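Quick one: structure below, then a few questions.
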Amino acid sequence: MKPAIAVLGGDLRQVYLSRLLEADGRHVMTWGLEKGGAPCAVPLHQALEARVLVLPLPVWRDGALNLPLTDTRLETEDLWPRLRTDQLLLGGMTGELPPRLREDFGLTLLDYYDREELQAANAVPTAEGAIALALELTDRTLCGSRCLVMGFGRIGKVLSDRLRALGAEVAVSARKYADLAWVRAMGCAPCRTDALSGALGDYDLIFNTVPALVLDQRLLAETREDCVILDLASAPGGVDFDAAARLGRRAQAAPGLPGKTAPRSAAAAVRESIYHILEERGEYM
Amino acid sequence: MKPAIAVLGGDLRQVYLSRLLEADGRHVMTWGLEKGGAPCAVPLHQALEARVLVLPLPVWRDGALNLPLTDTRLETEDLWPRLRTDQLLLGGMTGELPPRLREDFGLTLLDYYDREELQAANAVPTAEGAIALALELTDRTLCGSRCLVMGFGRIGKVLSDRLRALGAEVAVSARKYADLAWVRAMGCAPCRTDALSGALGDYDLIFNTVPALVLDQRLLAETREDCVILDLASAPGGVDFDAAARLGRRAQAAPGLPGKTAPRSAAAAVRESIYHILEERGEYM
Amino acid sequence: MKPAIAVLGGDLRQVYLSRLLEADGRHVMTWGLEKGGAPCAVPLHQALEARVLVLPLPVWRDGALNLPLTDTRLETEDLWPRLRTDQLLLGGMTGELPPRLREDFGLTLLDYYDREELQAANAVPTAEGAIALALELTDRTLCGSRCLVMGFGRIGKVLSDRLRALGAEVAVSARKYADLAWVRAMGCAPCRTDALSGALGDYDLIFNTVPALVLDQRLLAETREDCVILDLASAPGGVDFDAAARLGRRAQAAPGLPGKTAPRSAAAAVRESIYHILEERGEYM
Amino acid sequence: MKPAIAVLGGDLRQVYLSRLLEADGRHVMTWGLEKGGAPCAVPLHQALEARVLVLPLPVWRDGALNLPLTDTRLETEDLWPRLRTDQLLLGGMTGELPPRLREDFGLTLLDYYDREELQAANAVPTAEGAIALALELTDRTLCGSRCLVMGFGRIGKVLSDRLRALGAEVAVSARKYADLAWVRAMGCAPCRTDALSGALGDYDLIFNTVPALVLDQRLLAETREDCVILDLASAPGGVDFDAAARLGRRAQAAPGLPGKTAPRSAAAAVRESIYHILEERGEYM
């Protein structure tokens, strides 16, 4: 028999996830998602009986389960004693489980976010969300505009591809020679990170994807007055927003785009990750 | 000497237009744009002395000049007597000038909107604005979604190209065999307009560009419940919105996207048209 | 009953056409295609009994039917008297039928090549064939190379789209403002035809699609020594090949690409045209 | 002073490399490239005095230096004793230097091919060469054809991107979930390698990039009769060509495309690698 899956808390992605799992014909229970209209809501004690427990992404917030779609609060410390060693706990950005739980309680907590296929899949809604934001913030068309994408990791790869496809002139900055070769192979203009100074005045739009302070006051001062700057890196991000404000630049941080732009697609990617984890552990799918 | 140009009224596009003309080193005067922060504002009588008068797009609204960025009103009837036969009047969507003005007064009113290069240029911000709206309205990524573009005129051409570039599966409906051949040549799936019925349930997103009622109640009933429908055709558009509301479909009209999405690019296209008109008339550029 | 179709002569496209028509379940007869291995070969007198006769593309060569795949010769003058007024003659690039045949004999000859859907469809194999040739002739990758496409008709549109998609920097020259606006809308760099002089030294590859002498000695002298030049315009083409040879430029004419590059796709496009003609004439399909 | 560079042997890429180095203003000497028309030819003893020696790619062939563009032969054993410990030897696919040379003679041999930026750069001419071959071998247009790319390494990534850009429907097979997610993110259809059986009959073209026998007799038998198969993997490749011949499939191995398709671009990539090696070793650039 397929194991019962309980989805406990989280945001709109977990609501969609519940629906997708249900549509797959699985035995689903949900708890802590009532404001999102998730199906199959059950009391907590019932949800905690499921073989597989899907926790939020990110799983914790201020020492409690991350529960934006309910008014209840569930402390981490209150959750552990109610779990069993034969349950599979799946959470996003879990970090290490305290040794006490792992060793004394024997609990198994796996991170579904820490899988390359989920991160790759998330790069798409992030890029699309960045494009939507850019369209909103600029007074130009992307077609014909000069864009700089800082960093050529997952998001940089997808975003530069999409911007070029929309007709923009796209430069990508990176440090490694191999990345710069890839940038060229993908039809964009490579730019060494250490050569950005002096070239920044060329761009109508700058998208940062590097999780380190790259756009500091000195570099920001080189950008054009009407330049729009989007920071897609996770907190604390890569843009000195105070300096940007002093300089009058239009700069905006845009974290967590997948859940906002395309919660359904983001949920589908979480589902895939969960299925792959179950499959790799020999669980009946 | 380059002729003085006065920009009288209009929306954000005319504000940007003033700035672009000024940046080109031209003698610019503006009137009726004060809420938009246009440069070179002058009293009306002074503006009316310019050799070239740029009127709004669309030029009229309710029998008066289209003046959304000022509290003043200027009746059509009050404007004509103050103009001279040696002036060049340029307006958008002007229609025919009453014979009295053309023949008795000898005024020359040309339509800068009625030029293929402007309409082609406008297809880009329209397509980009439609993409921004689609990203906002759907809970999916465009990448991997199934899109139908109805019509293969200017907007249909650019929009289908961009959607495909973003990774969507794109079908385009058209009536003419030649258009269907072009759809295929551009890498999209052709679909005969008269064969839409029966296929509409395939699409996550439907964009209409045809200025005629194509999505009536019968066809709307065939779309999927979670289908998002955008109508880009000019009023009265091509979607039965009442029927869509009854059926619970997410349908939205999106007129006038260029001025909203990318007023600067839209203004640049107006400027090009104006320069081409002046050039073709042998005016000093 | 579906009318019998006889395919008389032509090149590899007609061979493929016969197979496609046969695969559609039609009653097919072929004559004059034996070197191409066409199916359903019959004697001429039998083929001439069919309701629909498909003639070659181009239909004539030196006063006779265009018969490259047989050793027989069939004079125009010998063909007419053997045809009936109730037959439908379909040929490619037919030109006008002599009045005698049209009026005295009452024959009906239609041109399947003179249809926009066929010409649009043909732009694809032409563009792909041009890309294959360019890849063969240059010592560079197209990705990163600077290409100029002269003309923005059907072939210019498809070719510039494909070159850009392969990572080239693409400029397109055209005369009309509207075409230049479209070039920009499609993400390429517009260039006025009358402004080519002075800019030609920028390009690694030049593709001409304009059927008029555009690349004369003066302009050729401005191209780079290692520039590769392809002329895709129909004869006499748009490149002064003698001047190119004197200057040592690598220039090549490339006519008739669809039949060479992709005879099967070219045949499928001919089939579509023929079906559309039959449909428009109310013939049973 | 910039160190003198000698280019010893190799194919057309080394000829272009010599020209590119010379155009950069470097002190270049060449030997063993006379049939390719390389500049700066000198006698061997003189070339061997250079600070930096660029050897062929691949460096050896049958125990001698790889010298396709000269009639001379230079045995490995004859080369070593003539080299000095202060020289930098750069070769392609060098493998390990025998310990005797490394330890006793103190020679330094580095592999310029074993750098990610070169391999990334090489993926582009490989993909373009594969497209040229595919265009030559098929009777269809790539636009609209159904392509399968086996493997999503460097070549698979670039090739699938280009095929899609040309209007093909592209599926990519891979084993890893992360690769399959990337395939989808790039707008292609993912296909698990272990699910190929049963789906192979869908494709007009199959490109293998996996260096292992993936297309064996059993799978080949599932392909369509008119399917064209290209093997881009390095020897021994991934296609059972004997089985393909027995089945009448059009299958072709296509090794070494960069040097054939785009020797100039391939040489530019080698030059970059060499410069990066020199830079990382602190050599004056």
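Points to keep in mind about this one:
Read from first to last, the chains carry the letters A, B, C and D; within each, the first residue is number 1.
To be clear about the criterion, a residue touches a chain if its C-beta (ideal position, glycine included) is under 8 Å from a C-beta of that chain, and two chains touch if they have at least 3 such contacts.
The model shown is predicted, which means the values in this text are computed figures rather than measured ones.
Set against the C-alpha centre of chain D, every other chain centre is closer than that of B. More C-beta pairs touch across one of A-D and A-C than the other; that pair is A-D. A separation of 36 Å divides the Cα centre of chain A from that of chain D.
The mean-CA centres of chain A and chain C are about 50 angstrom from one another, to the nearest whole unit.
Touching two or more other chains at once are residues 124, 143-144, 166-167, 184-186 of chain A.
Chain C contributes residues 16, 124-125, 128-129, 131-132, 135-136, 138-144, 162, 165-167, 261-265 to its touches with chain D in the complex. Chain C makes touch with chain A in their complex at residues 143-144, 166-167, 184-187.
Touching chain A in their complex are the following residues of chain D: 115-118, 120-121, 123-124, 158, 161, 176-178, 180-182, 184-186, 269, 272, 276.
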